[in-house]
Amino acid sequence: MTRGFYIGRFQPFHDGHREMTDRIAEEVDEVVVGIGSAGASHTVRNPFTAGERIMMLTRVLDELDKQTYVVPIEDIDRNSVWVGHIQSMAPAFDVAYSNNPLVVRLFEEAGIEVRQSEMYNRGDLKGSRIRSRMIEGKEWEPLVPDAVADVIDEIDGLERLRRIAGDDGDDATENDH
Amino acid sequence: MTRGFYIGRFQPFHDGHREMTDRIAEEVDEVVVGIGSAGASHTVRNPFTAGERIMMLTRVLDELDKQTYVVPIEDIDRNSVWVGHIQSMAPAFDVAYSNNPLVVRLFEEAGIEVRQSEMYNRGDLKGSRIRSRMIEGKEWEPLVPDAVADVIDEIDGLERLRRIAGDDGDDATENDH
Amino acid sequence: MTRGFYIGRFQPFHDGHREMTDRIAEEVDEVVVGIGSAGASHTVRNPFTAGERIMMLTRVLDELDKQTYVVPIEDIDRNSVWVGHIQSMAPAFDVAYSNNPLVVRLFEEAGIEVRQSEMYNRGDLKGSRIRSRMIEGKEWEPLVPDAVADVIDEIDGLERLRRIAGDDGDDATENDH
Amino acid sequence: MTRGFYIGRFQPFHDGHREMTDRIAEEVDEVVVGIGSAGASHTVRNPFTAGERIMMLTRVLDELDKQTYVVPIEDIDRNSVWVGHIQSMAPAFDVAYSNNPLVVRLFEEAGIEVRQSEMYNRGDLKGSRIRSRMIEGKEWEPLVPDAVADVIDEIDGLERLRRIAGDDGDDATENDH
Amino acid sequence: MTRGFYIGRFQPFHDGHREMTDRIAEEVDEVVVGIGSAGASHTVRNPFTAGERIMMLTRVLDELDKQTYVVPIEDIDRNSVWVGHIQSMAPAFDVAYSNNPLVVRLFEEAGIEVRQSEMYNRGDLKGSRIRSRMIEGKEWEPLVPDAVADVIDEIDGLERLRRIAGDDGDDATENDH
Amino acid sequence: MTRGFYIGRFQPFHDGHREMTDRIAEEVDEVVVGIGSAGASHTVRNPFTAGERIMMLTRVLDELDKQTYVVPIEDIDRNSVWVGHIQSMAPAFDVAYSNNPLVVRLFEEAGIEVRQSEMYNRGDLKGSRIRSRMIEGKEWEPLVPDAVADVIDEIDGLERLRRIAGDDGDDATENDH
């Protein structure tokens, strides 16, 4: 039995992420997906809470015919213990999937096998680009699974992101908490 | 659609917990189970990691015919924001299940419905008692679901708990980290 | 101009505390009162939030004819920087009032003058005793200023304390968060 | 009885802030002012300690004929529990005043009424601009209440800000702590 | 080249610890000594700061003819990443020395060799016992290396410990910070 | 007896730092070197762990004929208690050496003597420049003590830095933890 681990912030989970989980599901028996920066929310970079992202992922991953685990991971802000943190919060895994150089390096220094891959359609499928489109009122739904668009609709996520991204003029830096 | 929330430390998940999740599953459409003190492990009170407890719960809850979510929750050590912490980490829920007076009070002050219940067979079904039996070499497997006993066996959990509970004599308080 | 500093947890602020602030007000021009463990609440030892305790102290100290400051102080859990923490959170002060040996020592090592005093009526006037009386349904109002009793009434504090102190039987240690 | 809440970092408290507190005092019975980022100090963005800012605000707010509370609020770095954090540290309030989009959104998601306002004379009355003028040796005293200028003078705040803003050449990034 | 790691709180470093470091020095080429709970000080259990303990250990270990490293280690309060924390803060080591069951288990689960030993003269040589003798005014100097007694004398450590251990009567629990 | 304190991040320790420690050793009897941001590692700005940096410094400082102490210092992220933090973690010192304006100011406000100096050869001897040269494959060894180059070689530090600095294209911001 082989278990694969894949981590992302999933702000939001999009078609590129799904392609990745589909591929991992072909290679391993069980898939563990870690939701990074689980404690972050309500910012332009991290608009959705961990709970909201669990909803997105669970609905999408239910379509896979493999056992999956969705695990929120709070930041630990210390790279030297990050892998140990992941290992304690997630079911034991045999191989990690990532294209992020730091993540790859940290897993490798810990002696864990890492597999990298070509991500498809990079230009369109970046979380930052999708969030920008959401803020600017452009079409973004085709870039994410339907279940994700449903969750964002249910939680009024579009309005939240636009409001947070709002400009309050000269006093912005003064009144922030 | 109604979603119920139930939190425990599940060190380990036992038949009393399962009775509780069975009952909740009868009352709501989806069940969210929070694993409390997710960052704690390797102590007599909290021997198992969050990842190990996710394994226990997932295998048991898969037997329910309801959608379930298993969510590790790290301690936040501030009661006044504890409910907000839970709400951000878990999918939105309508009712919380707990018999713990503090948990009940915190949810109630936050305006969330709480349901309490009679737990069955209290004398035998306490985590502390099960851990004591594990340490003392007494029979404990009949008190937990088979899937839980399997996980504890796979992770060599019995040996870990016994070793941690070991007496190192007079110097115990001096060398601890 | 002389400013005096006095710190306590004030769970709740009682007549012994008031006697102390009265005495300090006689000796200095301005009184700074620090509310310790400001982040703690909803426990038997620390039932009231910082905001609730600010209400108690402000109403009582308004009766003094001296300028007063009420400053919540979150725990920093490191004795070696505790005085520096206090000094950064509170207006500058010339003398500290305390009977607690650790507090006295920390201020003295930092080169700050400390004044100690006999507290009156010790037997009755301890926070722990007042909380016990509240839980047990005994008379406690005569031991605190009227304004404090008013605040506790407004926030339904008696019910909170009793509920938190409640016994949930065998499962108490298992379900706590 | 209505209580209003207003939060800022007040680095330093200036005439724009005073205009805001004046307006709030007209609308509510009691005014709670939260000092944000209370733990920050000795940086160009946050030069003054919480204790120093308490001095500034207390002296200015004493001129109002309303009961006021000045409450330092340490950062909690988790937006999802920020409102709960505020609510536990401050006396209970009915309405929050803010022009910051994130603050507005967080209060609204928590079901708290928020009032926004036109701030006057934006160009001149920004904390960042006042701090720049202080560093550059330009006139800044007319932009803050006299009591604030007095406090900054008493604590030698101008010298602190200038020194911290100093250039140490190429090695700046290497020796910083 | 072999490097050995030994951790303790060293409150204070005593003859039993020295016997241990002497033994380790016989077995390895370089000795790394970790000072645990480095952030704790000014309590009966942890009276001395990390800096003070560094002084004690450095003076004693200088007598060894091996290269030694003295490394303060702040608590991380999460057993699952404790070994990774140690490994990032200390020079790389090949073998760990400990008699503490938890420490032994954590190193073993991380795949690191652990050596345990008989400690001599347990009855007398416990930190807790030495601290009790210091508080009670009994002879303690013969139980620690001379250099340690010198450091404690230089920092007025005896007086600190006695003062902190002092009884302040009924109000002790009320005034503590 | 005079003890001097010098703090830096030492990413890596280079010839400019050595010139500084040489000069300090001429002025004081004992030298305490604090390793700042001890918990940081595996980033382009902070590639090396505290343990690795302890190795670098210990080997270089052994060449001095003065007693030296190498003390890792974790960030405390609160300037107002930073000096107290340093003082608790390091052996007591009489004078601090720094060219960083903030460090100088913090020590001065705490009443500690600070000595500043001209650093030599600024253009070449900056940590950021040395790290850039390492990433770009340019010669960097002549800018650091031989012992430092040895440590970086032993820990495969060049490869770590290059890998971490790697570009993963469009998805970099999405997959980071």
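For reference, chains read A, B, C, D, E and F in written order, and residue numbers begin at 1 within each chain.
Going forward, contacts are C-beta pairs under 8 Å (C-beta built on N, C-alpha and C of every residue); 3 or more make two chains touch, one makes a residue touch a chain.
Everything numeric here is computed off the predicted structure, so don't read it as measured data.
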Q. Both chain C and chain F are touched by which chains?
A. D, E
Q) On Cα atoms, by how many degrees is chain B rotated relative to chain F, nearest 5? A) 180
Q) Counting shared numbers against all numbers at the contact of chain A and chain E, is it over half, same, or under half, different? A) same
Q: Name the pair in D-F, A-E or C-F that forms the same interface as B-C; by residue number, over half of the contact pairs must coincide.
A: D-F
Q: Could you tell me the distance, in whole angstrom, between the mean C-alpha positions of chain B and chain D?
A: 43
Q) So, what's the distance in Å between the C-alpha centres of chain B and chain A? A) 26
Q: For chain A and chain D, let me know how many angstrom lie between their CA-based centres, rounded off.
A: 35
Q: Could you tell me which residues belong to chain A and also touch two or more other chains?
A: 39, 41, 49, 78, 80, 87-88
Q: Chain touch graph shape: choose line, ring, star, complete or other and state it.
A: other
Q: Just spell out which pairs of chains touch, all of them.
A: A-B, A-D, A-E, A-F, B-C, B-D, B-E, C-D, C-E, C-F, D-F, E-F
Q.
Considering only the defined contacts, which chain C positions touch chain E in the complex?
A. 7-9, 16, 36-37, 73, 75, 78-80, 82, 98-106, 109, 119, 122-123, 126-128
Q: Note which residues of chain E are touching chain F in the complex, please.
A: 38-39, 41, 49-52, 54-55, 58, 67, 69-72, 74, 87-92, 155
Q | Sites on chain A touched by chain D in the complex | A | 39-43, 49, 160, 163-177
Q.
For a test of understanding, state which residues of chain C touch chain F in their complex under the given definition.
A. 76, 78, 80-81, 83-85, 87-88
